[in-house]
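Each of the next two complexes has chain A plus one more chain, namely chain B in the first and chain C in the second.
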Partner chain A sequence: MTALNIAYGSPRRLSRLTGTLSAGGRIGLLVLIVLLLLSAAAPLVCHHSSRETSGPPLAPPNAAHWMGTDDLGVDIWAQVCFGARISLLVGIGTALLAGLGGALAGILAGYCGGWVDRILMRLIDILLVLPDLPVMIVLAAFFGPSVWTVIGVLSAFSWVFTARIVRARVLSLKQRRFIQAAETYGAGPLYLMRRHFLPEIFPLVAVGMIRLAGRAIVAEAGLSFLGLGDPTSRSWGFILHHALSFPGIYYTAFWKWWLLFPWLALTLVVLSLALIGKDFENIADPRMRSH
Partner chain B sequence: MTRQRTRRLLEYLFTVWIIVTLNFALPRVMPGDPFLYLSTDQGQEIARFSEAQQDYYRRQYGLDRPLAQQYAAYLAALAAGDLGYSIYYNQGVTAILLQRLPWTLLLVTAAVALSALAGCLLGSMSAAFRGRALDRWLYPAMIAVSEIPAFLLGLLLLFTLAAGWQLFPLSGAMTHFAVYASLWDRLADIARHAALPVLTLAIVRTGGIYLLARSSMAAVLARDYLRTARAKGLHPLHILVRHTLRNAMLPIVTRIFLSLGGLVGGAILVENVFAYPGLGRLMREAVLVHDYPMIQGIFLLVTLTVLTANYLADRIYGRLDPRIRENAAEAR
Partner chain C sequence: MLDVAKLSIVYHRVRPAVPAAMDIDFSLAPGESLGIIGESGCGKTTLALGLMGLLREAEVRGQVRFQGRDLNALAPARRRRYQWRHMAMVFQNSLEVFNPVISLGEQMAEPLRTHLGMDRRTARKRVSAMLDLTGLDPAWQDAYAHQLSGGMRQRALIAMALGCAPDLLIVDEPTTSLDPESRQAILDLLETLKQQMGFALILISHNLPAVQRLTIRLMTLYAGRLVETGRTADILRNPLHPYTRGLINAAPDFFPFKDLWGIPGAPPKPGDSTGCAFEPRCCQAESVCRRSRPPLTPVGVERQVACHKGGIETVLQAVGLIKSYRVGGRTINALKGVNLTVRRGEVAALVGPSGSGKSTLAHILVRVLTADAGEVRFLGQTVTNREATAVMGGIQIVFQDPGEAVSHRFTVLEAVREPLDILGWQDRPQRDARAAAALAAMHLPTGPDFLGRTCHALSGGQRQRVAIARALVTEPVLLVADEITAMLDPSTQAVILRELKGLQQSRGFSMLFITHDIHLARKTADRVYVLEQGRLAAQGAVFDVLAVNGNNSSPRRMPRAAMENE
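Then we have the complex of A and B:
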């Protein structure tokens, strides 16, 4: 229920939430907030352009370029800051789209039952057994590489996780006494949804969305890393791809800044999201704590 | 029971049909046209095919016929095991796939075996010493490890162990132009090249199996029948093998089959990190050059393999332990 309170988030409630987070969850939240601020204030915190040459090529970290420069002399700190925008956009976009879509599908399947449920469940079964990355590679190539198609493809594949959990919860809720009591008192579907289903479902969806965001960021990085992402958006995965395409990368020390910093950024985000997700799972469903 | 099993099988066949049809449809609506440019190599003048040549090639590959006819021809060829002719590699797709498949299989099987072994071992130790120092350190470490994406870990290993300390070769599956004195030298070379990709995939998967093994072992260890077994004075090894492991392994075995889909995704990326000549690297190359038949072939092979593994997992569930049939759908 605590997770629910963020939705109506007053500062006091937010502080109560951070109180319930574990140390790992707090560090994760801190890292994410710092990254969000950095990406939002990217033009302010970066003195150099993220696209244009601003120094000597392949300079190691120094006072002017404190993360060094790449083979074209482009500042890496600026690339990492602006790259954060892409990664976070993909993560948040996919989480919202797939989380809300999945919740809607789950509610529909669980509440309506019948043929709606059967069709949705078949669809979910099919999507679940398909290995996602090969399909994503093919689809991303097919839709043409752009950030929005990456978000679309990722959402099309990941809504199933939320949908399944939500459907199961709705089904079990429908059997509960208080719902049946409300129905006998003449509560309509909309009232039931607003007062009884949504408050119960929201924590589940919130947990699911954090997981989805992590998966999406990793998937986008993977696609870009393969060179199949959006070439105009310099995401972290694209920086890795660009660095690895440099012929001498393995035989020189350039990787110590060119690869290391985008790598660190990606790893930090993924781990932070995982830590927060774990905590939210415990809050939303204390039974999972035993694992 | 039998009816349910037939229904499951029909569902899987339906999924196969969808994949086969998707496979037919997708490359035909992909942007780009393999017959447009003769050469777009870097630094070279871009050379275009003439109209007549384009028409000739379209006819040659049957791309000028109506879609329904193309579809029928595609299904017929597929049934005969013919995946078409690669436009870019100038060779039959099936032949190329058979050439590359062993490398991917080597990586995947070695990684599955290693991670299952390590995960079960560590998980059992953690469960046995639950709450002690070992468990307290291992558990969060394994959670962190299980969350790191395979290709990021691969990059780390590549640049520290291979590029930095030069303990392992940087890329490929064998040394180029090497002449081997014996079969052992050859195998050693292959093992040295496969070591890092296998290690990457194995480490990433160990985390998940560890977590499952730990909770599964802990659940079994708390059971009354183990106390009974001890009270009867059975040999500890006998208790461990016959009473504990046998029960705790059930969910792990099925998980290994079920997570094959994720492993395939990881393998594709990791192969590209290490320039390992398996299916994943082939797939990337094929997508970059718009080699339609090649993409179709790999996509089909990979998805059908994963589907088969999932189907087997479904069947094994019921076989191994009737109790978990209910949870089977939720476990994933």
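Then we have the complex of A and C:
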């Protein structure tokens, strides 16, 4: 019953969510919060610069450099902390942009129907069929490397998933009696959206956004890894790219800190997002609710 | 034979004077029969006594022309000669009608001897013959009034009135306080006597079956004034004045299955108001009804009604509604040209099996669906969009599924207030107050605890009450109730329907009650439409269409009744 309560809950009931998360979800949430705090407080928790040489090159983890240094002697702990800012920015930015954009497109398509629906649906079909990574590579190369380009490109491909789910939900909502009743009182699209559609689709969009965030972080890392990221902003993907550009890294012991720590951070974020997303999905989708 | 013009009777000895009958106009041909109905205290008996010239305490004005002579202009002595000889009255049955210390025979012989000049013996013979004719043993003429039963006394009264073979017989409440068997016997007797003797009859009664059986024409009297006249069959089947309809709807003889509901309110003292006397109790009253008194105006063949609206208004008229759905390449004709009318203050039932198009019709009426062809008129205006539903005092619908009809995320208060919010009615505190009042009317708590509860936490019955409260919050003129109790248990159903009917009764809105349950339709509705496979199979008054034949409880179809109503 509580789960049902949440599923149709409005944002203000979000605080109750933590109570219904599984153990995995709670761990995920905890890790995410710690990483967010670390990235926010990066200048305070890092003693060294993330850009300038602060010790001997390729030093293994030690008391001064908790995660060692790279080939230029730059502290990796600082790089991971500051890189988290970029990765999380891309993740959250993409999730918000694609999630809200997708929700809007879905509501428009579902509510208006007709040619708006047809155009949007064909567009979604095309975007679904296109293999996204190659297109992203081309686009990123075309628009030049910048965090915002990455967010834009990722959003352009990710809104379709949210839009499709939201459209389906709005289509079914439109047939619900209480929507029809509100319409008989003369309720306009704005009222319906504010009082009925948005609260109803919020849980769906939230799940979609969490999933998108994970996907976006990985995609950004992938693009950076391929050298298409923003070279001035050292994201985790860029650290990996930089490390792998070091000739013969696998023949040395350097990878044990240079590669491992950024990879670990990336994996932890994606894993915790996945865990939270899974819990949200359980809450939002009644069919997956077994208890 | 009898022409009454502008007859007014005022009891002037009492202060203030009571105008018991005002401006009565009617006429009666020889052999004709006329019924007068109305609640107690409407002036029926006064009118009869006035015709007979038996009122000494009252001022009688106007003309009563009987067989070419103006009775009111006659000297009292000459007028008395007319009484009993040509025009006789059967008084309302009671012990006081007869003198308790004079034998019946003597009392009955008295008019014969004064008017016909019979001697004692002939008169006694004549009394014996009359008693025999009315089915009483002539031996009873030596008895005293208190020795007779009610039925026998009624027969004796009739015998006395018919003694001089009058041309006009006025009968005042012949069947009150009689058991059904004697009642039937008295009606049989009056009918046979009328055929045998050919007198004209004025029957004053509130027993509608008696009126239906014995009279050809009918007049409804309210607060001393005629409010409707016409042919008895027409009026009883299709009353035009809300008051007449109220009388008929309250008659258990006509609606044996329906719950008993009288006309709300009580009749005023005659002469109290300057407007329409029925206005305070009327379901379609407007300011004009309070200001001026409507005259009796012709509205059809032999039909007159005193109403500013020309009789009961038509609230909803659906004409030639056609709707088809396309399902997987097949076309399903849900409605094949349906006409439907709902009038002010009535409960019309729409019955039919599942899939007969009932809900489709309901949804077209509130424009959740649009019809392929045909039109819907609300208070005379063709409905093209949401103008009939998106207003205060319009059409509202209550849907079948209480769980679906109200968003489960809303709190009770939000749900009930939603129509007002959307319509932008007044300001927030007034909306809250209105919503709370609507909930209270549906017998729901109005404490902050309940108002703040989300709708999904309510039971099915509570949710349906909330849905009804929400529909009533805009004070609709017409409520479409689409199978509103189909998902509830019988007890909840009974309670909710009674509450809804009570509200309908007191507020006077019209209701289109859609159900597949004929028994429910019999219980609640005044008129009924039977829908079958997208067509109207029957329509008319509930007692015509849904009459019970023996144990067979399926509707008896009367297409003829349907035609007559058009």
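Note that the second predicted complex is superposed on the first by the 273 of 291 C-alpha atoms of A that agree within 3 Å, B and C clash if a C-alpha of one lies under 4 Å from a C-alpha of the other, contacts with A are read in each partner's own complex, and residues count from 1 in each chain.
Basically, contacts are C-beta pairs under 8 Å (C-beta built on N, C-alpha and C of every residue); 3 or more make two chains touch, one makes a residue touch a chain.
Computed from a prediction, not measured in an experiment: that's the story for all the values here.
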| item | value |
| --- | --- |
| Touching partner for A:H196 - first (chain B), second (chain C), both, neither | second |
| Comparison of chain B and chain C by chain A residues contacted | B |
| Which superposed partner A:L36 touches (first chain B, second chain C, both, neither) | neither |
| Which superposed partner A:Q180 touches (first chain B, second chain C, both, neither) | second |
| Which of chain B and chain C A:L171 touches, first, second, both or neither | neither |
| Partner chain in contact with A:W255 - chain B first, chain C second, else both or neither | first |
| First, second, both or neither for A:I92, with chain B first and chain C second | neither |
| Touching partner for A:G222 - first (chain B), second (chain C), both, neither | first |
| Chain A residues touching chain B - in the complex, by the definition given at the top | 24, 122, 125-126, 128-135, 137-139, 141-142, 144, 168, 214, 218, 221-222, 225-228, 240, 250-251, 255, 259, 263, 266-267, 270-271, 274, 278, 290-291 |
| Residues on chain C engaged by chain A in the complex (per definition of touch) | 363, 366-368, 386, 389-390, 396-397, 399, 401, 404-409, 418-419, 422-423, 454, 456, 470, 474 |
| For the chain A and chain C complex, residues of the former touching the latter | 4-5, 8-10, 176-178, 180-187, 191, 195-196, 199-200 |
| Of all residues in chain B, those that touch chain A in their complex | 11-12, 14-15, 18-19, 26-27, 29-31, 140, 143-144, 147-149, 151-152, 155-156, 159, 162-163, 170, 211, 215, 260-262, 264-266, 268-269, 272, 283-284, 287-288, 295, 298-299, 302-303, 306-307, 310, 330, 332 |
